[in-house]
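Two complexes follow with chain A in common, the first pairing it with chain B and the second with chain C.
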Partner chain A sequence: MSTSILRVLFSHELKSLYRNRVLVTLCSIILVVLLASLWIGGSLLRKQQRTIGQIGEHHRVLADSLNQRLTRIAAHGGTYPGFIWDDPTFAYNTARNEGPQYAVKQPFALQVLATGQGDVQPFYYKVYINKKQHLVHESEIDNSLLQFVGTFDFSFVVVYLLPLLIIVFTYNILSAEKEQGTWVLLKTSNQSIARLMLYRVAIRYALFLAFFWLVVGPVLTLLVGPGFLGTGNWWWLVGFVSLYFAFWFGLAFVVNSFSFSSNINAMTLIFTWLLLGLLVPNLLHIGLSRAYPIPSRISMSTAERNAINAYFEKDGQELTKDVFSSPRTQIRQASIVTPGMVYGYGVIVYKSQEIKDAAAQVAERKLYDQIERQQQAIRRWQLISPALLMQEVLAALAGTHWHQFNQFSLDVDEFRREQQRFFYPKMASEATYHNFDLQDAAAIPRFRPRTYAVYEWLRVGQSLLLYAGVVGGLLLLGYRNLLLAAR
Partner chain B sequence: MLKAEQLTKRFGDHLALDHLDLTIESGEVYCLLGSNGAGKSTTINIFLGFIPASSGRALIDDLEVSVNNHATRNLVAYIPEVVNLYPTLTGLENLAFFSGLAGFRYSRAEMAAFTDTAGLQPEALDKRVSSYSKGMRQKVGIAIALAKQARALFLDEPTSGLDPHASNEFAQIITRLSGQGVSTLMATHDLLMAKNLGHRIGIMHQGRLQQELRSDAVSYAELTDRYLSTVNQPV
Partner chain C sequence: MLRLIIQKELREIGRTGKMGWLLTGVAVLVALALYNGYAYYTDHSALLRESQRVTYEQFISQGDKNPHLGAHFGFYAYKPTADLALVDNGIEDYTGTSFYLEPHQRGVVKFREVSDATALRSFGFLNISYFAQFILPLFIFLLSHNVFAKEWENGTIKMVLSARVMARQLFAGKLLACWLLVLAVVAVLSLVPLVLLLARAEAGSLGRVLPAYGCYVLGLLAYALLLTIIGVATSLLTRNSSLALVALTGFWLLGVFLVPRLAGELARRVQPAITSVAFDDETFHDKQYGVGKQGTKDQRRDALADSVMAKYGVRRLEDLPVFFIPITIEFFEESDGRVMDRAYGAIEHNEARQNRLVLASALLSPFLAFRDFSMHLTATDMNTHHDFTQRAEAHRRRIGVIVDDFYQKNTVAGNDFWRTVPQFAYAAPGLGWRLGNAAPAIGILLLWLLGALGLMTLAYRRMRV
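Moving on to the complex of A and B:
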């Protein structure tokens, strides 16, 4: 088939499509939906950036306050005139008051495209020596009144809505020729019908892709700047999204090749969309949740509590005796809070935290191992639902996958341990209670925020090749059907 | 030149076409008469390569259709009872598309010349086909045949539903094409059209070519008698 035939078909398709009012209306609606989803993604990103800005300001205020107070104490000969639990020269007090910091997951430009786990997983924690805490303030709940389920984002539009547009775009690519009678004239041309149809599907695919990326590329650049263009994530994303659309075009080509009526084609494609997009992922979710049940977080808390109880009932007696009998603490004799009491309390907190951490580690390992097993199982089954694959890939490439939030959470845990390593020796030092000074304040460990957008665990190349194979198979099947029908 | 040699078509137990032998020379207009189910359309469909023959051969310019399907499609044009075109495209755009598929690329002026020959008014060229009458669509169909430079024209009830004026215009165009050496096979129920337009007339009944007449050797009344006596034959 020569390039002139391609040119003839291209011109024909372009004219036919833009004169189809239903299609033009639908394209306009999808355009609005696409722009809305990008705008929503952009506003979520900006909100996150604002929160991060506020956190930075909070850290600056706390650091200034600590420095000023320590400077004043030093100027008054090391005496703090205020309440003893507020005295920053006690490491335990500072660890409690100015020491806790926010650990922040740095936003990644492409998260505009996929909320992923972003609406359920925190992008920042307040990190204490004994816990990491995520508090959702009322002001941070986006949909407290609407009770809206999930976030309407670009990935939702791509994975669920655009296949519907593709179905409208392609369901009657062959059947309409038969139904409107132009089939007869096409058959008297000396072109192979199979190839004509394949080229028409390819041209519609190219037009659809051009429309899509010409909208998404510039809008995304406007929202987040052109930096994303230099990331591998973006180009993999372009590859996957384009291939996902190719899958639906290929499927429509196969359905058309069976020469059913337009109605049957539409019904078949819509049913396939429901099956692959909704039914299969949900059934898989239920099946895998049963096969790999996730232990509840309540059982994790219970395990932690049991470990602490067990310690204090047995091994903790020594610690208790040591702390309470120490001439330095003299808690039993104290009618008011003494420096020794602050020290003793700090040691108990430190010791019980060690036990709690050890217990939590075992329970958390069980939880995360199970989640990982579940995810691996889903990855094995992804081939039967491209929607499922796309959800995961888009989230991973946008830096909002569970893996990436989990990595952030693990880094926060490590940061908490770093804080413990910094504060515990100072808290447990009996040399002097007043051992925290300006130098220490400057040395308080800071969390090093970074983006979490690596995706090497996903084997993107393998998945892409696999689906390219599926799309190729669909096209071959449709082409073969049409060749057989022409005989 | 069109040639059918012992052309036979069976649909299951039904014999739709029974050993048809037929030759249509270049520039000749051959009209096939017969009641519904006589085998007229089946003959045309086999020549067009839409359906395969059960046995026998259909040849266009000595090329066997079943063997050289693509090559023979280059040589033919087909005008069915209703010429269906793309309704959202204009007459000119339809012409450009179908002639483009046949490998021809024409300027607007060249295409306008084809439609002019086919009798389509110039002001209709840029109107969408959805607003065309049946006759206007037929004319675009003829313009497509002209643009394809077809050597053989197949017409299946082309004047059915056309008003007398449009029907007459249509006949004139076919005659003109005939003068250019185009072989025409037309299936019709219109005996007068067959008499006036055809060089030869074949009367088919139950898949067989029962009679063959030269149109200049038979009167309209005689043609009518022969037709009726043929189609009223008992099974």
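Moving on to the complex of A and C:
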């Protein structure tokens, strides 16, 4: 095939696409949709950054307030003028009031592209010594209905919408020739029809890809700055997205090569899209939920409560009696809160928490093991649905995959233990009860925020190569069919 | 004549290979949807029923404790699985079902299943309602997109229109042929769950379940009818099966995916939610420093002490005939409760406005209107969720009053006392309430039905060669 034929084909494709009003309209819609998704992703990132700013301010205000109050108490000979439950010289009070710190998952620039688990997993927690990862609403406050509806992000546009545009772009690439009567002319030309068709698909793919990345690259740079271009995440993402589109072009090429009517081609491609994009993941969901059922968190709370009840049957009873009936704590009746009562509650809370943490550990391990098993199964099966593979890959490369949120959650849990190690000894000290001072306030542990964007579990190279093989196979099959059809 | 046309159309559809595949696919998916919905319903309802029993059992057998300490042990109020959750589980996995009942803190619903779900959740949960909302429309469009277009493509339209058959009969015949097939699928979709519901029904629950399910089926029929009309009318208007298919699929894609998600994002922008940090800060401030001229917490506590001592004619708290700490707890339970009610009310108000905006977008998508209708009828919607949280919160406060009254005179509570605290039980409101909440969605569905009839008239008038 000479270069001049390629040039002729290229200019023919450009003209025919430009003159097809439906396609021009669809391309304009997709451009708007793409820009909207990027803008929405960018605004979510900015909202997160603003919230992190609020958290920083919150920490600063609380730290100032604690320091001021401790300084004032020291200046008044250790006497706190307000209510005893607010007196920060009790370690237990500070652990409840000003002590809890926010732990933050630093945003990653590419999260603009995929919300992943970000709509249901919090990117920050308030860490208390006596609560697991905690927020008022268990996660960031959001409308459950909107979460159910799903986010409109770049990954949604790529995974669902663009394949359909590709179908509209390519479903009749060969059948139209037959329906318009030009097929016979093509057959009598001295060019290979199979190669001609392959080149036409390749040209459309190149045009589509150029249009796509020329929009995404600059817009993303404008939204988050050029820093992302230096990350491996971005270049893997470019590779996967380009290959995903190639898969749909390849599939259309194969379907066309069977020489059905345009209508059958369209139906076949739409059905394949439905199958690969919705039905297969859904069936996989059913299968994996049965194979690896994820236990409810209710079982964790039941285990905790059973352990607490068991503890209070004996040891806890002793402890409570010791705290509430001891002459040291001076709890005579339930009208005046004495320093001993504050101390006593602190002791009971931390003892109970130790029991609860130990009891919940088993149930929690079971829960996370099952989630991990499901995740591993998804990795094994994701190749049967390009849509699922893309969703997984995009989330992982954008730093919003379950793995990354889980790693953040594990870090937060470790931080909670660090806080417990800091506060528990002070809460258990009954020398004066008032033992928390300015030095302690300065030493309250702080969470070290970081981004979570590594994807080593993903084996990206292997998946990419495998899918490149699938695309190559599709093209080969289509090419072979067309060679046979041209005879 | 009409019967002949219907018979001819049905025979033609039956003889095409695609219909066999399509119906097989539909049958497999319906079976899976039923299995999935049924498994969800049985698993969840059993777990929640048992958990409600266990959590209360743990509470009433906690042994001797300081009453306030025992109240902090508390118990959970679980939202029972909706009777019709096997048809539609709505937003249950997103809202959570567990509400902790303990002093001082207004409960929030926890343990959302979606927090522990994998990425597969975003592909949806295949049950009857998912099938009706996502797959049934595609089936209808695949069935009807070429019902008229093929006559133009095969060149038979001239022959047909020049025969004795009237245009009205031709249109009605083709529409009814499609509708009969759709009706068969809808019948399977409605009758099998009905059998399962009857088999699973507990004593006395049928009176509650059947009317709601009957209304659901009526809505499903109206929804399927309007989609069939749209499919047939589009086929006639385009006169080209490929174009009709692309147009109908585009409409489906816009309505099922694009419009709801864009509307959701728009709702988030127009009515932004408060962040958890700001919520924490604001409620803490209001509780600590009071609202308006309430005064700080310390000032309010001092005033309370003065008034209680005055009431009992004593000068020291130690001389009171009742304990002062539970009185304080009860006092702040009320005043902090007002702050939290206001704060949560603002969130709910904001969410209601967001939801209204999303529902308004159903004017562009009948699929969305049907989903809203379905969730309301099956009591798996936001309104039912809020109703549950309100009742659970009322129960929490009732427990607070019982415990604090006891605590005013006793410093130790045993199992005899814990057993006087009532168990929590919840049942979703009845059909009238559900239909009231679904009224906007029903209105929009009726508008769509009118629009489809308008489209049908327009297409019919253009039925010329």
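Here, the second predicted complex is superposed on the first by the 452 of 487 C-alpha atoms of A that agree within 3 Å, B and C clash if a C-alpha of one lies under 4 Å from a C-alpha of the other, contacts with A are read in each partner's own complex, and residues count from 1 in each chain.
One rule holds in what follows: a residue touches a chain if its C-beta (ideal position, glycine included) is under 8 Å from a C-beta of that chain, and two chains touch if they have at least 3 such contacts.
All values reported here derive from a predicted model rather than from experimental measurement.
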Original post:
Between chain B (first) and chain C (second), which, if any, makes contact with A:A75: first, second, both or neither?
Top reply: neither
**OP:** With the two complexes superposed on chain A, say which partner A:N20 touches: chain B (first), chain C (second), both, or neither.
**Re:** first
**OP:** Have a look and say if chain B or chain C is in touch with more residues of chain A.
**Re:** C
Original post:
Looking at the overlay, what does A:A36 touch: chain B (first), chain C (second), both, or neither?
Top reply: second
Subject >> First, second, both or neither for A:L278, with chain B first and chain C second >> reply: second
Original post:
Taking the superposition as given, does A:F156 touch the first partner, chain B, the second, chain C, both, or neither?
Top reply: second
**OP:** Once the structures are superposed on A, label A:I371 by its partner contacts, choosing first (chain B), second (chain C), both or neither.
**Re:** second
**OP:** Considering only the touch criterion stated at the top, classify A:T182 as touching first (chain B), second (chain C), both, or neither.
**Re:** first
Original post:
Which chain A residues are contacted by chain C in one complex and by chain B in the other?
Top reply: none
Original post:
Which residues of chain A touch chain B in their complex?
Top reply: 2, 4-5, 7-8, 11-12, 15-16, 19-20, 180-182, 184-192, 196, 487
**OP:** Mind listing the chain B positions that touch chain A in their complex?
**Re:** 48-50, 52, 70-71, 73-74, 76-78, 80, 82-89, 93, 96-98, 100-103, 105, 128, 141, 144
Original post:
What part of chain A is in contact with chain C in the complex they form?
Top reply: 22, 33, 36, 40, 43, 51, 54-55, 58, 82-83, 102, 116-117, 120-122, 124, 126, 135-152, 156, 160-161, 164, 168, 171-172, 262-264, 266-267, 270-271, 274, 277-279, 281-286, 288, 290, 294, 296-298, 301-302, 305-306, 308-309, 312-313, 317, 320, 324, 332-337, 348, 367, 371, 374-375, 378, 387-388, 391-392, 395, 401-402
Original post:
Any idea which chain C residues touch chain A in the complex?
Top reply: 18, 29, 32, 35-36, 39, 47-48, 51, 54-55, 58, 61-66, 69, 73, 76, 78, 90-91, 94-96, 98, 108, 110-126, 130, 134-135, 138, 142, 146, 241-243, 245-246, 249-250, 253, 257-258, 260-265, 267-269, 273-281, 297-298, 301, 317-318, 320, 323-326, 347, 350-351, 354-355, 358, 382, 385, 407, 411
